[in-house]
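Would you mind keeping the following structure in view while I ask a few things?
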Amino acid sequence: MAHPIQVDSERLAQCAREIADAGRELGARGWTPATSSNFSMRYDDAHAAVTISGRDKGRLGVDDIMLVDFAGQAVATTARPSAETLLHVQMYRRDPAVGAVLHTHSHNQTVASRLYAAAGVIRFSGWELQKAITGYVTHESDLDLPVFPNTQDMPELVAQVDAWLDAGKPLHGYLIDGHGIYTWGRTMAEARRHLEAFEFLLAVTLDLRRLGA
Amino acid sequence: MAHPIQVDSERLAQCAREIADAGRELGARGWTPATSSNFSMRYDDAHAAVTISGRDKGRLGVDDIMLVDFAGQAVATTARPSAETLLHVQMYRRDPAVGAVLHTHSHNQTVASRLYAAAGVIRFSGWELQKAITGYVTHESDLDLPVFPNTQDMPELVAQVDAWLDAGKPLHGYLIDGHGIYTWGRTMAEARRHLEAFEFLLAVTLDLRRLGA
Amino acid sequence: MAHPIQVDSERLAQCAREIADAGRELGARGWTPATSSNFSMRYDDAHAAVTISGRDKGRLGVDDIMLVDFAGQAVATTARPSAETLLHVQMYRRDPAVGAVLHTHSHNQTVASRLYAAAGVIRFSGWELQKAITGYVTHESDLDLPVFPNTQDMPELVAQVDAWLDAGKPLHGYLIDGHGIYTWGRTMAEARRHLEAFEFLLAVTLDLRRLGA
Amino acid sequence: MAHPIQVDSERLAQCAREIADAGRELGARGWTPATSSNFSMRYDDAHAAVTISGRDKGRLGVDDIMLVDFAGQAVATTARPSAETLLHVQMYRRDPAVGAVLHTHSHNQTVASRLYAAAGVIRFSGWELQKAITGYVTHESDLDLPVFPNTQDMPELVAQVDAWLDAGKPLHGYLIDGHGIYTWGRTMAEARRHLEAFEFLLAVTLDLRRLGA
């Protein structure tokens, strides 16, 4: 399915280093328990560098990263990409500005995904940290994070995200019920800032509920 | 009771290193408070390497590990094994595939053990991370973690575990009321992945209850 | 607006090192998520060293610090100061004893700011750690931490703080709704001790509410 | 009041190292916020090495430790001992077996001290970790941790502890309302194990209450 490409090993190694750095720091925070989670970066306008399935995301090396095309097929390797690779390449395919995608599985992300699964969305409002999401310049706007039902059928998950985007609604990340978050950015640094902001917003939102507010 | 054996010091040192590494990392997470917890690895088809009683499990060295036979008796040493050694050797004896057993005492494990002691079991359902337990391929199945009553009589604890296994019910770990978790795997890496997954599943389950869900 | 000054690069570097040290340690605690937060030190009786806008506050170097005058205008640089610089220079302007100002954005600070926004103040009473605030010698006194409404209009925030001070009420720090804390001290060490004390007092106060006390 | 003594600088340095090690590790856990907390070791049958007032307990060096007699008076130094020194020397005076005393100020210790102040005692029962307290061999016994009212009058605090001990009730540690814990052991290692055990028992007890159990 994938056309043969001449792999630029320097470019791939650069992606791998940024992914491994992110994995180590996110793993140290406990957001990637038990080999869950996966990370990727855009390699070019038709390929992405993604984490190989089953590796410990807190101890990634450059050998744990592989190339896939935007159909999610392995390129120039016999390794198997992470199961959720289709959700990564979807973002690169739909938005040429997306340069990095992060999927983590923190406690707060997972708890919130269950708690708001029925509602289908978490609305953040009045938090200064909403401004950490690119495009948000005031705490007074609403920031919506959808929660999609979980399924082992990846194309079905892809279709849920497509439907949201096709409806023209803003999307900076999403939860999957019982399963953690996906978020992204133009660069790895922006993707990590978005991830950190969503984690914070989820944590404070859950805590206000614990406090009966 | 134990037959004299020729100790392969290289093999024992290898087990000790894996156990010490696990202890240090689990201790750093706060899962082994106040010299609680104990760890072991299968040494051969009749012996296991286990932690010596009373040592700080976050600072284990190779001298803190000893050999026992599957009756829990010390082999080739005058050291005293951890009190719960019988629960470790039980798993090696009953299942030749088991290569490592971990007992930790985290906050969440202990709180959950009290909260679900009357029910006798915690059922996990709908969590993606159930798939971190070997043999589970979908979040849609149920994963049961039994909670056994605590007693200072080790043979009685052993009998409770035997009874569960003899009933043919799947078992990937168990809690003891007020006392933490036991889990295992074919390798130390798998045992640690199972431990990390159970800890995560207990944490999110407790938190949903705090949130009134 | 600012008079040209002869920058004492040694003095500025000393401020920058103290600010960077504080940022690294506060960032390691998770109190500066997603490039939020900002820190400053008095440079002289008309200028302060402040963090440049948008930098990762957990990885500050000396190049991330700049000079401003007490109107918040950049001095001897084309860099842009943090948006909340006006709140920093206000404290230096109003109180010649203030030597350092810290603004962080921890989970507890942010949750408390929402929970007590309607009340407008959090009163601490009976906590030994109130004595960590300079001037408090007993746990029996009351320590008030006001919560001001958030706004993107900095002069309006400045006016709220001025109004409190003009009313002659003691002020050792304040929260902004949804937005974290400001606190200060004669030295960076004192500012950090005050910050640590307020964080602790907020955490225990919130937890007593979670516990229904 | 104190008789002149010939200070054994090697013995004092040994005490100071053990105290500094404990301080650094307890500080890293966040149990000594904002220069709170103090630590000591028995020096001989009439003197103790204690932390000097106001030092950052997470960064103690040997110069932060001083000698006092069992009346709490400084010996061979002009430094001022921690305000709560009288509570340390009381334990050395009353029990010749006590070799180290630790006072920390963790979140859980402080919250529990407020929550159980009216009851005057926290009773632990059914927790395996009670066995980490020397003398406890089963989870089936009760372990009582008294909570004394806070006061700035140290002799009054001393009298409360004396009254409990004079009544012949077992005492392995105590809380002061709003103020943290005191615990001790024959060695620094035992004192630290007791501290770790009480912290754990307080944390799980509070959490069961949060969970409505």
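For clarity, chains are labelled A, B, C and D in written order, and residue numbers in each chain start from 1.
One rule holds for everything that comes next: a residue touches a chain if its C-beta (ideal position, glycine included) is under 8 Å from a C-beta of that chain, and two chains touch if they have at least 3 such contacts.
Computed from a predicted structure; not experimentally measured.
Counting hops only between chains that touch, chain A reaches chain D in a minimum of 2.
At the chain A-chain C interface, residue numbers used by both copies make up under half of all numbers present, so the two copies contact each other through mostly different positions.
One simple way to say how far apart two chains are is to compare their mean CA positions; for chain B and chain C this gives 47 Å.
Distance from the chain A centre to the chain B centre is 33 Å, each centre being the mean of its Cα atoms. The set of chain B residues touching two or more other chains comprises 210. If you sketch which chains touch which, the chains form one closed loop in which each chain touches exactly two neighbours. Touching chain pairs in this entry, ordered by label, are A-B, A-C, B-D, C-D.
Residues of chain D that touch chain C in their complex: 33-36, 105, 107, 110-111, 114-115, 150, 152, 176-180, 206, 209-210. Across the complex, chain D meets chain B through its residues 126-129, 132, 137-140, 193-194, 196-197, 199-200, 203-204, 207-208, 210-213.
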